[in-house]
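Supplied in structure tokens, the structure appears directly below.
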Amino acid sequence: MRLRRNREGDRSARETQILGWLFVAPAIVAVGTLILYPLVTGFKESIRSGGILFGEKPGYVGLRNYRDVLHDPTSQSAMRHTVEYVVLAVSLEIALGIAVAVTLHRVFRGRGFVLAVLILPWALPSVVSGVLWRRVFDPDTGLLNSVLLQLHVISQPHIWLAGGHSAILFITIVHVWGVLPLISLIFLAGLQSIPDEVYSASAVDGATPWKQFRHVTLPLLRPSIAIALTVGTLLAISIFDEIYVLNGTALNTRSILIQVYNTTFTEADFAHGTALAFLLAAVTAVFGALYALALRRSTV
Amino acid sequence: MITSPATRLVKAIAIVLIVFWSVGPIVLGITTSLSTQREVNAVPTHWVPSHPTAAAYQALLNGSTGQSTGGTVTQGGDFVHAMTNSAMIALGGAALTLIVATMAAYALGRLRFRLSGAVLALLVGTLIIPIFVIVIGLFQIMANAQLIDTKRGLILVFVATQSPLATWLLYTQVRELPHEPEEAALIDGCRRWQAFVRVVVPQMSSGIAAVAAIIVLSIWGEFLIPLLLTSTMNAKPVTVLITEYVGKYTTNYPILAAAGVMALIPPAILALVLNKRITGMLAGSS
Amino acid sequence: MSGTITLESVTKHFPGGVVAVNDLSLEVQPGEFLVLVGPSGCGKTTALRMVAGLEEVTSGLIRINDRVVTRLPPRDRDIAMVFQNYALYAHMTVRSNMAFGLKMARMPKPEIRRRVDEAAAMLGLGDLLNRKPRQLSGGQRQRVAMGRAIVREPAAFLMDEPLSNLDAKLRVEMRGEIIRVQRRIAAPTLYVTHDQTEAMTMGDRVAILRDGVLQQLGTPDDVYDRPVNAFVAGFIGSPSMNLVSATLEREGDGLAVAVAGARIPLPPDAASTWPGLAERTGNPVVVGMRPEDFGRPDGAALTVDVTRLESLGSELVAYLTPTGAADGQLLTARLDRGAGLVQGETAQVTVDPRRLYFFDAETGDAIDVRSAEG
């Protein structure tokens, strides 16, 4: 009797195992062949020498490419720019994201419409966003110059995308335009987890709306802020499309990925390009781990 | 709660700002696309076209030359071709991804087999990998399989890149589903996979719809991968074509704007129609 | 800290046509504990929230200490409130929770400390001051919520069903705590509950609401002995009063009532106790009999089937079906243990005719509230 029951149980458990692996197989195959395998190939490429094209002996050179990239001034400026992008983008996203979430938290007439419109910038291809915003930043026909000229803030049209910090700032604005909806939703979800009664209680306790925000909302939003920080950083650190459309590979706005693109495809230096890409991947991995940690803590 | 008039005013202003900020550039693109080049390049530039004209759209759609748009559009029908490419790749990619991801999510969330935790971690881990580290190797594999510059090739690549996210989103859904209906089906004599198809998948339908929308939007917006893996109009999506136009028609704003507007209409419609589901899924899984 | 809470003709319309509160007027006297009670949806919580400023008033006036506060936001009304789910600040310690309102009022730190310590001592929270809400039990959180309200020394106290999330035993304990604290603070208190036992045991006065309309405002004794309509009569008292259709008849010089298959002659002074009855002979009325008024030694007898008996240890609750009654309506009676009833058998149960209540069959209004000696 017992023996037979065990066999039944075994079979069911084994069936589940087999089915499980079967169902997961397509995903594993797809990811394995098209992501993991190229990852290995790419890594091999990054530790290889440039070969004859660069006047070098073909073969493996260990971490030399990585060291080259870290010391290369163009790469270094790309890294500096990327840090600027990240710091700017994340600060704007968190400040604006909380503001948007607080504004849209309570139900009001037309809220559905505003929420629908809110995610439009996120839904559009970032390349298209770049095209749309060009009209704002164009030196001759752009909205910004037009308005500023009319308000007499500037006397001549400014070439925004040629400057140093102003170029980075404006590209960041375009990037934030596309990412803000996602961040706002993260904060909106966080706000919804704060019970309404706490606001009533603080109102009775004498708090003005601003004080409610400072003493009740913000502290209770800390887990959401952690999530928004990591998501925003991950997205900003790999900024590419917006820069490419607005300013191409111009040196003053290069991010790390633009630099990788330039090295790998314009200069055909696969080895150094891939090395830089792996450096970025390492940094991204750290932030990814932070994200996982932040997620776990917020669901506790 | 009774709010002071000042608070209500601030909120109203904020709401208006949010709407303008979100829609402004799009509206700007629409008005620009309906203007003539002369109007746009005038100083000071015109914001609203005095005589809205669809010339830019015609030029893009027909590949015809139009004087008012100030230039020819390369090979006729390119733009439409690109839009079709994008649509086929996005829909095909999303459909395949959904199949792969739903099965995987079910296996990881319900079946809980040995090592399922590791597999999940592996899949989610790939989300962090930036595209660039895999492009070289990817190119080689695709070239060997003769899938460069094909829609099929792109679809397969996107299935690989989108499956991790889709699986994760669906996995969180699966875990929240009540397991009684599936158990009832098993007791009634269904085999596991039959229960999956007849019971679990219908249960997940609203989640699947939301994830489908998100994936379609993601693939439609993909730029870098098609940039590197396509060369002719065979498979070139509209995102790549637009950047070529930016290089080619740098000052021909009406054309650029018209291209941009047409490229954003499908994702905009999708986002507006499935708005509630999408925001629900994005907010919930964060 | 003495003062009043006044509602003058306060009405609340919700969009969609629902009238949650209809022309409510009442005044809480200095130091008084007034309970707003009624079934769910009767408007009591809406009324409380309007006094707090958490809900807009459609029409009417609200005064606190004679100061008109109707359109003021909550923070300007000098009130304190205890919420049903306590609404504690989860990220702050007990001490910070209690100090929050004082911090908002920019009170000097030593004064804040003094008040918090005093309130904590009064409520037995001294050891818990540095804990966070999630480390506290339900009863402890309740007391922190009360402490937060007490330290403000407000002009008025509001409480929204603070005991409904506690288990039965704790509830009884906290009832006494709340009263004790309120007596010391002596601020006028408006307390909302759906539990009529809480209302009767805690209130100096009780206001019964139904569908947004005030039914009766009076002391617990008032609403128990002299309910102004059948709703109040049925709501107050547990188990509820039996409300039975009956007919009034002439009996010689006096009156009798045909009810529950029996004919109960009314005492000779009926005419003076219930002046309005005389003109209603031959007409249907609703008769009220409280379960606790059964089994009196010299009452009129009813023949009943003992349908079910529940023993509560100290007494019996009997569910009785009058044998002569046409509609099979069950009567509830509270009887002594030794009443000698057996389930399933027929028996005689007495009811005191002097303790009957009479209500109009159509409007439900009481036909002449009995005089106090009745």
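Think of it as A, B and C in the order they're written, each chain with its own count starting at 1.
Just so we're on the same page, a contact is a pair of C-beta atoms (placed from the backbone, for glycine too) under 8 Å apart; a residue touches a chain by one contact, two chains touch by 3 or more.
Model, not experiment: these values are computed from the prediction.
Set against the Cα centre of chain A, the chain with the most distant centre is C. Inter-chain contacts peak for the pair A-B, counting C-beta pairs in contact. With each centre defined as the average position of its C-alpha atoms, the distance from chain B to chain C rounds to 60 Å. Separating the CA-averaged centres of chain A and chain B is a span of 16 Å.
Residue positions of chain A touching 2 or more other chains: 200, 203. For chain B, residues touching at least two other chains, in rising order: 1, 3-4. Chain contacts: chain C has residues 53-54, 73-74 touching two or more partner chains.
Contact residues on chain A toward chain C in their complex (touch as defined above): 195, 197-198, 200-208, 211, 215-216, 219-220.
Of all the residues in chain A, the ones that touch chain B in their complex are 15-17, 19-24, 26-28, 30-31, 33-43, 45, 99-100, 103-104, 108, 110, 112, 114-136, 138, 140-143, 146, 149-150, 177, 181-182, 185-186, 188-189, 192, 199-200, 203, 209, 224, 227, 231, 234, 238, 240-241, 244-245, 257, 260-261, 264-265, 270, 273-274, 277-278, 280-281, 284-285, 287-288, 292. Interface residues of chain C facing chain A in the complex, by the touch rule stated above, are 52-54, 73-75, 79-81, 83-91, 100-101, 104-105, 148, 152, 158. Residue ranges of chain B in contact with chain A, taken from their complex: 1, 3-4, 7, 11, 14-15, 18-19, 21-23, 25-26, 28-29, 32, 40-41, 43-45, 47, 99-101, 103-104, 106-108, 111-114, 116, 119, 122-130, 132-138, 140-141, 156-157, 159-161, 163-164, 167, 192-193, 196, 217, 220-224, 228, 239, 242-243, 246, 251, 253, 256-257, 259-260, 263-264, 267-268, 270-272, 275-276, 278-279, 282-284, 286.
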